[in-house]
Each structure stands twice: as structure tokens, then as C-alpha cells.
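Quick heads-up: structures coming right below.
Two complexes come next, and they have one chain in common, chain A, joined by chain B in the first and chain C in the second.
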Partner chain A sequence: MNILEVKDLKKTFKKSEIIKGLSFDLHEGEILGILGPNGAGKTTTLQMLLGILTPTSGEINIFGQDLRTHKSQILEHMNFSSTYVDLPWRLTVKENLIWSAYLYNIPDRRKRLNQIKDLFRLEKQWNQPVASLSAGQKTMVNLARSMINFPRILLLDEPTASLDPEVASYIREFFVDQRNTYNKSIILTSHNMAEVESLCDRVIILKDGLIVGNDTPSVLAKKIEFSRLRLRVTKNPLELDKLVAHHQLSISVNENISTITIKEQLLPLFLYELTKKNVHYSEISIDKPTLEDYFMKIAKGENT
Partner chain B sequence: MKLYRIWGLFLRYFYNLLRTYDRLTDVFFWPLVDLVMWGLTSRYIAGSGLGSNQIILAILGGIILWIFPWRGQYEITVSLLEDLWNRNLVNIFATPVLFSEWIVTLLLSGIVKGVVSFGFASLVAIGLYATNIYVLGISLLPWAGLLMIFGWVFGLFICGIIMRYGTKIQNLAWTSIYLIAPFVGVYYPISSLPHWAQQVAHFVPASYVFEAMRASIMGHPTPLSQLFWPFILCLVYLIIALIMLYSSYREILKRGLISVE
Partner chain C sequence: MKLKVAKTYLRVWLKLTSQQFQSQVANARGAALLFIFGKLFRLGTAFLMLYVIMGRAKLIVGYTMPQAILILALFNFVSNIAQLFMRGIYMFRQKVVDGTFDFYLLNPLSELFYSLFSATDPMDTLLIFPYLGLVVWAWINSGFPLIFSSVLFVLIVVVIAFVLIMSWHIIILSVGIKYLEVDNTIMLYRDLEKMAAMPIEIYGKTGSAILTYLFPFAIVATIPARLIFGLYNPWFLLGFAALAILYLKLSLFIWSRALLSYSSASS
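For the complex of A and B:
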């Protein structure tokens, strides 16, 4: 079931069209990633979904209601976290969460605040002013605030930026658990491709204000035909070079590791021919194409 | 409008006040400084035979009542500035909070802090100069109300300008109300102004309150009905200021709240 629908969304700033007609949807219980190079329009899109930026044209329907006319009712059940937005820095973590909790009329506020404190490991920082926290701790407070109202839809703008790897992993697991347990829907932007690949059910790739990809991470990655074959050659390296030239492949050598970019379908034949030519190797690895490869290709402006 | 959201926003500004010493000093320090300086000056004038004890009350009453428009305006504009400095407007408007709820909260904050400052200043006046502004009686209530609304008008109007043009003109938050102060006649009667300035003062609702206060001190209380015109004037200004502020809000939504600074 679609919980959010965007139709032909456009945004123009000073005669420059930043968003050029986005249409997409979000299903209940889905984690949707929005990726794109800097300036592609990711944050602009999130801002429009939150009603803090007016679209030039297009429609945003959330929970079956028009965001323009039902913004307050819709935002009762949504929330967001962004690295680009600060909380009032003089207020303590507890105070920031208290005033936020009132905005959503949370029943049994004290209990919810305690839950949030535990979930986001804020015990030590609880009575400290936000200004005194590290960047990672501020991110945790922002994430905690975004969960205060049990949102049905959560918008996360680079949620794990500035978190250390252990905490980032904990947060990723937390959001997956929230989706699995409470069927929450999440839209997230991130520059961490591994994170997007592991978290998202579906990914939208934006470029120059347009959607250039919209599929599961694995399907998008498969649009890249080439894998990377890495070999530590111990015998007959010249034969390897000849084979590479014969198949018109590209090769690079770094610290005795030869990296050959090769179409997946050609791999079995290529490995067979290596054996036949008596090329020996002591190490081998095959890197299948990833979402990052797809993203890099899009960012560089190559067709897929 | 939902009361719980207004209360949430109020708490946000209240916590900030408690944790910001310069904002706390605004509530107490400046009224105290004004009272000490002007109280001593007026006491000197009264003692030197140039005036009477009524002068002390007129001047101190002016200072104390001026707190209402000053706090009303200051609270609205400085609260907006703090939201801009904190880049916190997004935290407010990416929630169910309505624009009207935010405005009501700012106005309420102005009332609360205005009343606290007024109470403090009036007690200081009693303690230091044995001058009791409460002798002016129940009239103080409508006067205070009108002055507070007058402060809101300025606050909302300046807020609209700052929202639209950003913090590069933030000085208006502290200085703007003093542009109109000469026409208000806080310390002197409007009749002492040049003719053209008296004409301007007719359209400044606060000037009627200070005239009424002085008349009351001199034993000629002004009927409350004479505050009807300034009250209507104030309401008209208030509506214009609200429209202007809302239009600025709509404008910054087109640019994106995140970009306002």
C-alpha cells in the first residue's frame, strides 16, 4: 500500500530548475533510499516532503492526504532527522526532547522519554546542553528526537554521518528493527553506499533534479555488466597480458595484483583460458558490481 | 490551534531564557538601570523645587509602563533571531506546529516576561523611591494591554522584515521601537512636541496611554472610553503586521526554511 505519493514535483529557484518533475511513491514498511551526487536535489526533495519548502508545482500526498492542505495532520505521524539542522544548543538533551514531545502530545511522556534515552544511549548526555556534545552525540540526539512521536514515516538525511562505526551499525539495525516490528516507512539519503545497499529495499537515484534510477539496490547494481577480477600471478604473466589484449579488456597492476575489468558472462571462459595458457596465480578474488559502481557511473554521467 | 503544542513551544523559549544569562538580564537589568538613573534624576528635580513628587511618579510610571511595548516587541523579534541563529525554524515548522500557534507562543512569552519585568520594576520603584505605580488603580490593566499590543505590532512587523531579509538586519530587533519612542511621549507630554510630531503622535496608540497616565497622576483621570480610538488603531496595525509577517513566512517557504539565516 502506498503511504506517500509524489507526482511531477518541480522546484525552481531564481529561474533555475532544481527539481525537474519527480514522481515516486513509498510503500508502508518500505525503506527507500534517495541517492545522488551533490546538488542532485536530495535534500530539496526531503524539505518539500516535510512542507518546509514549497514546490513550484506537483503533488505530494501522504497517508492519502494532500500535504498542502493537511500539513499539520500529516506531520503528526512523520518526523525527520538531518545533519543540517541543529537543535537549540543551550537547552539540555532532556529539555529538547521534552518540548518536542509536547508538540506531538505524547501520552505518558515520561515513559517515552525514558525509552528514548535508553534506545539512543543518552544516559550520560541527558542533562548536558546540546552545545557541549560531539557531532556524533548531536546526531544521536537528533535521531532520538525524530523517534519521539512513533512516526509512521521517517525522513533521514544522512542519518549516520559523524557516528562511529559501532554506533552507526547499531543505528542501522535499530531502523531495520523498527521497520520489521512496527512496519515503519523510511526515506533516507546517504553518501554511504554500503549503508544504502544494506538498509534499503529500493533506491531512487537522482541526477540534476531527475530520477535516473528506481529499483532495488541489487537490480541497479546488475545494470553494471563488469566485474573486477583480481589475481596475484605467479607464472606466465605475459600470457595474461596477451589474453587481456585479445579480449580487449582493461588491466591495472598494483603491488603485484592484476585487476581486470571483465563482463560477468566472459569470466568462466577467461579463467578457463588462463588455465589453458598455464598462467598460475596464488590469489584470486572477483568483485561483483555494487550499487556504488552504479552510482559512480551515474555521477560520471555515463549511460548504463 | 492546540494548547499542547503552544505549551511545547513555550517551554522551548522558557528553557532558553533560563539558560541564557543575557536574556535573563534583559528581564531585570535594563528596567533596573532605567529606574535607578531616571528615578534619581526625577528625585533631584523634585527636590530642587523645579517639580513635584508627581514628576517622580510620572517619569517612573513612564519607565515602568514602557516595559510592556518594549518587552512585547523585543520578545518576538529576539525569539525569532534565536531560532535563526540556532537554525531552529525547521525544528518548529517540520512538525505539526501551525504558524498561528508559533505566533501565539511568541505573544504569550512577551506577556509573561513583560509582566515579570513590570512586577519587578514596580517593586523596585516602591523600594527605592517609595513610588507606587499601583496607585493608578485598575486603569493600569487596559493601559498595559494596549501597550503590549502596540509592542506586538512592532515585534511582528520587524519579525516579518527579518524573516524576509535575514539576520543581516538583526539590529532592528533592538533598535526599531526607539524610532517611534519620541512620538510616544513616555517622559513628556505630547504637547511639548513640534506640531508635525504631534500629528504623527495621533497615529501612535501608545501615546494615548502615557497621556492618560500623566492626566491621572495630575488628578484628572481620563475616561477609558478615550482609549477606544487608540485600541482600534492598534488592532488595525496588528492585523496589518500579521498579514505582513504571514506573507514573509510564505515567501521564505518558497526559498526553504533551511536557507533562512
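For the complex of A and C:
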């Protein structure tokens, strides 16, 4: 079931069209990633979904209601965590969260605040002003604030930015658990491709205000035909060069490791031929195409 | 459902106002006292001017001294109520620049409610009472009875005036979004509004007509005073109510157009 639908969304600033007609949807219980090179329109899209920016044209329907006409009702059941919206910095962590609880009309505020404090490990910072917190601590407070109203849809912009690896992993697990347990829908932007690949059910790739890819991370990665074969050759390196030239492949050598870019279908034959030509190697690894490869290709402007 | 929403708005407004009050008491006691002194001083100078004028002529465009004082007092009373609720408009530019307005847009409450009413100034409340006292004193001394129907009409005018003032404030906020400029627009508005502190007849027929029908600042003081003096048909209030609704709709349209050009503090 679609919980969010975007139809032909456009945004123009001073005659410059930033978003050129986006259409996509978000299913209930889905984690959707929005990726794109800098300036692709990710933040503008998120800001329109949140109601910060008013679209020039197009429709945003959330929970079956038009965002333009039912913004307040919709935002009661949504929330966000973003690095581009500052929290009131003079208030303490506790005061910030109390204020959010007020805004969302949370019935048992004390109970909810205690839950949030424990979930986001905020015991130590509880009475500190937000201004005195580190970047990572502020991210945690932002994430905590985003959960205060039990949102059905969460918009997360770089949710693990500035978090240490252990805390980042905890947060990733937390959101997956939220999705699995409470069927929450999440839209996520991140420059951490591994994070997007592991968290997202589906990914939208934006470029120049248009969607250029919309599929599961694995399907998008498969659009890249080439894998990377890495070998530490110990015998007959010239034979390897000949074989590479014969198949018209590209090769680079760094610290005795030869990296060959090769189509996946050709790999078994290539390895067989290496054995036949008596090329010995002490190390081998095959890097299958990843979402990052796909992203890099899009960012470089190559067709996939 | 609507009652629940209204309760939420009321609770948030009360919380914001109490925070504002606490902040003033804790951090800016001196500034608050100076603010009240400044306001009373300004009112005093306006009275002095009236006194000087009245010293030379017994009537000012047909109004006696207490009647002119009533107009001035009504102006200050209504204008003060508006400022009491909408003081936050003076800080609006800063809120757009530092991203606070983004925060308003993201919340489940109306961004317009926040922009207009998030900084209610409790110091203005203290001034309501002297202004109200002055209105009552001038009313009694103007020679017209303080009767229920007149009080009711004046209250209706105050509500209409509040809606009009709110509409103009929304237009000022819209300019603030579009051009990141609030100070000069407010000054322009305040100067126009101030013209209504005196009986509008002093501006001649054209000036009066502009201040009654085009920029109806006359609703703030001269029109309620005329109602009290029996110089105005109360049915005309319906026309002013319609004008106020028209202005409100226009201001909301301008607000929505301004939001269309808003590019967020982070962009």
C-alpha cells in the first residue's frame, strides 16, 4: 500500500528548474533511499516532502491526503532528522524534547521522554544545552526528536553522519527494527553507499532534478556489467598481459596486485584460461558491482 | 477534533508566552522597564501635542479635547493589543535567516501562527490597563453615555481592526520572506497606522477616504469614536467586516505566493 505518492513534482527558483518532474511512491514499511550527486535535488525533494518548500507544480499525497491542504494533519504523523535544521540551541536536550512533545501533543510526556532518553542514550547530555554538544551528540538528539511522536513516516537526511561506527551501527539496527516491528516507512538520504545498500529496500537515484534510477540496490548494481578481478601474480605475469590484451580488457597494477576490469560472464572462462596458461597467483578477490559503482557511473554522467 | 486542535494551539501559545516572560524577567528586566517608559513617554508627547493644538483652538476638526483624547486613547489601546500578540514580527527576518522559520514550517502547527504569535510580549499587557483607563475616562468626559450597545459596537470594531492589522502583518511577513526585509516595511506600516491616532478628518476628504476605504486605519480609532459620538451608522460595520475578510484573504494569498519563492535557510 502506498503511504506517500509524488506526481510530476517540479520546483523552480528564479527561472532555474531544480526539480524537473519527479514521480515516485513509498510503500508502508518500506525503507527508500534517495541518492544523487551534489546538486541533484535530494535536499530540495526532502524539503518539499516536509513542507519547508512549496512545489512550483505537481502533487504530494501522504496518507491519502494532499500535503498542500492537510499539512498540519500530515506532519503530526511524520517526522524528520536532518543536519540542515538546527535545534533551538539555547535549550537543553530535555527542554528541546519537552518542546517537541508539546508540539506533537504527546499524551504521557514524561513516560515518552524517558523512553526516548534510554533509546538514544541521552542520559549524560540530558541537562546540557544543545549548543554545548558535539556534532555526533547533536545528531543523536535530532534522531531522538524525530521519534518523539511515533511517526508513521520518517525522513532521515544523513542519519549517521558524525556518529562513531558503533553508534552508527546501533542506529541502523534501530531503524530496521522500527520498520520490522512497527511497519514504519523511512526515506533516507546518505552518502554512505554501504549504509544505503544494507538498509534500503529500494533506491531512487536523482540527477539534475530527474530520477535516473529507481529499483532495489542489487538490481541497480547489476546494471553495471563489469566486476573487478584482483590477483597477486607469482608466475608468468606476461601470459596474464597477453590474455588481457586478447580479450581487450583493462588492467592496472599497484603494489604487485593486478586489477582487471572484466564482464561477469567472461570471468569463468578467463580464470580457466589463466590456469591453462600456467599463470600462478597467491591471492585472488572478485569485487562484484555495487551500488557505489552504479552511483559513480551516474555521477560521472555515463549511461548505464 | 477542531476543539482539540484549538487546545493544542492555545497550549503552545501559552507556553511560548510564558517562556518569553521568563526570559524577559531573567535577562532583560532593565530593557523591559525602558520599553514601558518609552511607550508611556510617547503617549505623553502625543497628549502634549494635542494640548498645545487645543490651546490655540477649542476644537480640532470639530472634536473637543476629551473627544480627541478618546481617539488617541482608542488608537493606543487597539494598536497595543495588536502589538501584544504580534510583537514577533519584528524578529521575523532573523528567524528566516537563522533557519528558525524552517523549524516553523516543519512543525505540525501552522507556520503563520508561529510567525505571527510566537513572541507575544507580556510587557505590552501592562500597558493595556492605563490605555483602557484612559479610554474610559475620555469616553465619560466626552459627554456621551457609556452604554452597553456602544461598548458592544466598539468591541466589534476592535475585533475587525485586529483582523485588519493581522492581515497587514501577514503582508509584512510575506515581504520578509520574499526580500528578507522587515524593518523598513514595518516602519512604513507604523507610519501609516500612526496617521490614525488623530481624527482622520484632518487629512481632508481624499486623505480620509484613503484611510477609511483603501488602507482602513480609521477603523483603529476614528470609526469607533464616531460610533460612540453617534456619528456613524453601526450597519456600516458590516462593510468593514467584509473589507477585513477581503484583506485577510488577500494577505493569505500573498503569503502563499511568498512561500512559493522561499528557498529555506539551508539552501
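Everything that follows uses one rule, which is that the second predicted complex is superposed on the first by the 304 of 304 C-alpha atoms of A that agree within 3 Å, B and C clash if a C-alpha of one lies under 4 Å from a C-alpha of the other, contacts with A are read in each partner's own complex, and residues count from 1 in each chain.
The rule is short, and it goes like this: contacts are C-beta pairs under 8 Å (C-beta built on N, C-alpha and C of every residue); 3 or more make two chains touch, one makes a residue touch a chain.
Since the model is a prediction, treat every value here as computed from it, not as a measurement.
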{"item": "Clash or fit, chain B versus chain C on superposed chain A", "value": "clash"}
{"item": "First (chain B), second (chain C), both or neither touched by A:Gly58", "value": "neither"}
{"item": "Which of chain B and chain C A:Ala101 touches, first, second, both or neither", "value": "first"}
{"item": "Which of chain B and chain C A:Phe13 touches, first, second, both or neither", "value": "both"}
{"item": "Touching partner for A:Pro129 - first (chain B), second (chain C), both, neither", "value": "first"}
{"item": "First, second, both or neither for A:Asp86, with chain B first and chain C second", "value": "both"}
{"item": "Touched partner set for A:Glu76, first chain B, second chain C, both or neither", "value": "both"}
{"item": "Contacts of A:Pro237 with chain B and chain C, given as first, second, both or neither", "value": "neither"}
{"item": "Touched chain A residues, chain B compared with chain C", "value": "B"}
{"item": "First (chain B), second (chain C), both or neither touched by A:Gly29", "value": "neither"}
{"item": "Where chain A meets both chain C and chain B, residue numbers", "value": "13, 43-44, 47, 50-54, 72-73, 75-76, 80, 84-86, 88, 99, 102-105"}
{"item": "Residue ranges of chain A in contact with chain B within the complex", "value": "13, 43-44, 47, 50-54, 71-73, 75-76, 79-80, 82, 84-92, 95, 98-105, 129, 145"}
{"item": "Residues of chain C that touch chain A when the two form their complex", "value": "4-5, 8, 11-12, 15, 98-100, 102-103, 105-110, 256, 259-264, 266-267"}
{"item": "In the complex, chain B residues that touch chain A", "value": "2, 4-5, 7-9, 11-12, 15-16, 19-20, 82, 86-88, 90-91, 93-98, 250, 253-258"}
{"item": "Chain A residues touching chain C - in the complex, by the definition given at the top", "value": "13, 43-44, 47, 50-54, 56, 72-73, 75-76, 80, 84-86, 88, 99, 102-105"}
